[in-house]
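Two complexes are shown next, each including chain A; its partner changes from chain B in the first to chain C in the second.
Up next, the complex of A and B:
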């Protein structure tokens, strides 16, 4: 155990990297997912179907394939040489955005047609309806589901290890190779992941309560 | 300039069926074993004994909050260091099963919890045996609730099985890596591999839709959602 613990600076740095990249992917995925989620509810059939295709596609491809595709696939074919960080962010964002699009869609649908119609009847413009009626309510519904997406993204970020991005899993494997202490190294990584996911659920619940989001 | 051509990797297609077979073998075994584990877990979580309930809860919480990749490495590398050497396919199967069992536990528990206690009592009052209560009252209703999340779970098992490639299981993902590394036709390899996974996932999606339609047909019109 102590042999593994001598690498604590690397492990701490890797933990922060894992947190940072999954947070980045959550935010980027949230932005893309919001657009896709709105497209899902569009009146235009082309938009609706493209959104469904996007969501289904990235939910049906293993993250591992996406990571490898963004790193090796783009580099060898389109000559877009992304760094492991950029490739991992891109792949994670694709996964997170397909998850977030469903969260956003469900949240908007939860507001109910009656409210939208009532707002329109009050002479609000469509954008005002969204800005003042739909979005403020939808955001509340999204908090628990978005917390779940953050946890999924954090867990999926471990797959970035296969393209050599130095996050927690990759660093753990390096420590394992250096020290030969596989069990201890992986156990520490597991405990860190548990601590992170618990912290996220706890924070999510805190946000929900703080803003009186509990129904 | 790069020329996209699927023919460039045509010579590798002969090995694809075996890779798909390995992916399917791993996924189906995981689903079956995960179901067994999930039934046990759900019984624990709904048990009257606090110790069993706690055990079930700890299991679910641990496995659902750990990345699958870490579980796979723990079983394969971690246990080997402790002197327990397990083959790569078996390691992947154990890790995937542990992971799937946790999610299965929650799905089944949700199904059980949705059925009111009064129904058990009413069925009992009709002089039904325990087996009959489950066969005619509990399972038919439970299945209607769990078939949708169950389908999602099956999809994530198939996708998750791709992680077995990191410890050398020769599945579709490994095929993709081999083709890419040997021919440098990464894009073609990824597209074919991606198409296989998307087809498998959408096949599960489709059968879920069909099951759902068949289930609703036998439901009283008033009870339809």
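Up next, the complex of A and C:
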């Protein structure tokens, strides 16, 4: 154990990297997902179908293939050479946005049609209906599901190790090779993932309580 | 005095429907409806479920597109999905069967939202008016409650206050008591009766025969998208000419 722990600065740095890249993917994925989620509810068939295609495509491709595609695939086919960080962020954002689009769609649909009709009847413009009636309620519904997406993204970020990005899993594997202490290295990584996941759940619950309103 | 029009002079109607036709797919929901509502009049729409009464209300404020005919509100044509429809909606208050209060806002904020955001009125002005309205609907003690904490009858009275806050010239009620427990129906009807007595123009879809008889100025009986019979409450309720009207009332009065 102690042999592994001598690498603690690298492990801490890798933990922060994992947190950072999954947070970045959650935020970017949240933005893209919000756009796609709204497109799913659009009147225009082209928009709706494109959104469905996007969501289904990126949530059904295994993360490993997505990471490889963003790193090697783009380089070989389109000569777009991304750094491991950029490729990992892109791949993770694709996954997170496809998941978030479903979260956003469900949250918006959870706000009853009746409330929207009432808002329209009181002369609000469609954007005002969204801003003052739909979004404030949808955001609250989204928090628990978004927490789940963040946890998924955090775990999926470990796949970035295959393209040489030095996040927690990759660092752990290097420490294992260097020290030869397989079990200890993997155990520590697992415990760190567990702690991060638990912290995210806890934060999510906190935010959810803060947003709570009487149903 | 001599320059004023005599009481009996016809006032221009606030709402005119001309050969209004609405279809859902191939089904004709409203079939060439002609109707004019004069200011201060309480018009009650009666008839079996699914005969287009609620759809008619939604056409009037442009929530539904129409396939034929036209709708004139205060002389302006109502065109669903146009820019002008927003202007028209500012003057038409709508009360729904399921209240449709905004779940994330207190009763007071429900009432204040549209005047502040749509009419861009000052908050203190709107709040003073809102408090007055809560007194009118007899809910001044429930202003800070959220919709989920209110009974159905209370929610509906908040919804009426919300509609009134926009200072509309026409109020439309879409089966306002159909989703209520029997014991709260009376509170809502009492508020509606107050509004009628104030001389407000109201277009009411309801199954409450008592309200139609005592508060309505004119009853319109609809069936299968058509106006079957119309006239004074007593005339229609006591001596319905049409056979379908007779059947409907005898079934309602028996039930």
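Convention: the second predicted complex is superposed on the first by the 212 of 215 C-alpha atoms of A that agree within 3 Å, B and C clash if a C-alpha of one lies under 4 Å from a C-alpha of the other, contacts with A are read in each partner's own complex, and residues count from 1 in each chain.
FYI, a residue touches a chain if its C-beta (ideal position, glycine included) is under 8 Å from a C-beta of that chain, and two chains touch if they have at least 3 such contacts.
Only a predicted model underlies this, so the values are computations on that prediction, with no experimental measurement involved.
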Check chain A with both chain B and chain C modelled on it and let me know: fit or clash. fit
Put simply, what angle do chain B and chain C open at chain A, by C-alpha centres, to the nearest 10°? 100
Which partner does A:132 contact after superposing on A: first (chain B), second (chain C), both, neither? second
Looking at the overlay, does A:140 come into contact with chain B only (first), chain C only (second), both, or neither? second
More residues of chain A are touched by which partner: chain B or chain C? B
On the A-aligned overlay, A:78 touches which partner chain: chain B = first, chain C = second, or both, or neither? first
Touching A:101, do we find chain B (first), chain C (second), both, or neither? neither
Contacts of A:173 with chain B and chain C, given as first, second, both or neither: first
Once chain A of both complexes is superposed, is A:120 in touch with chain B (first), chain C (second), both, or neither? second
Applying the touch criterion given at the start, work out whether A:112 contacts chain B, chain C, both or neither, answering first, second, both or neither. second
Can you give the closest approach of chain B to chain C, taken over C-alpha atoms and in whole Å, for the superposition? 20
Residues on chain B engaged by chain A in the complex (per definition of touch): 2, 4, 62, 65-71, 73-74, 77-82, 155, 159-160, 162-163, 165-166, 173, 176-177, 180, 184-187, 190, 193-194, 197-198, 201-202, 205
Write out the stretch or stretches of chain A touching chain C in their complex. 111-112, 114-115, 117-125, 128, 132-133, 136-137, 140, 213-215
Complex interface listing, chain C residues touching chain A: 61, 63, 86-87, 89-90, 92-94, 96, 98-104, 113-114, 117-118, 146, 148-149, 159, 162-163, 166
Which of the residues in chain A come into contact with chain B in the complex? 56-57, 59-65, 68-69, 72-73, 75-79, 151, 154-159, 161-162, 169, 172-173, 176, 180-183, 186-187, 189-190, 193-194, 197-198
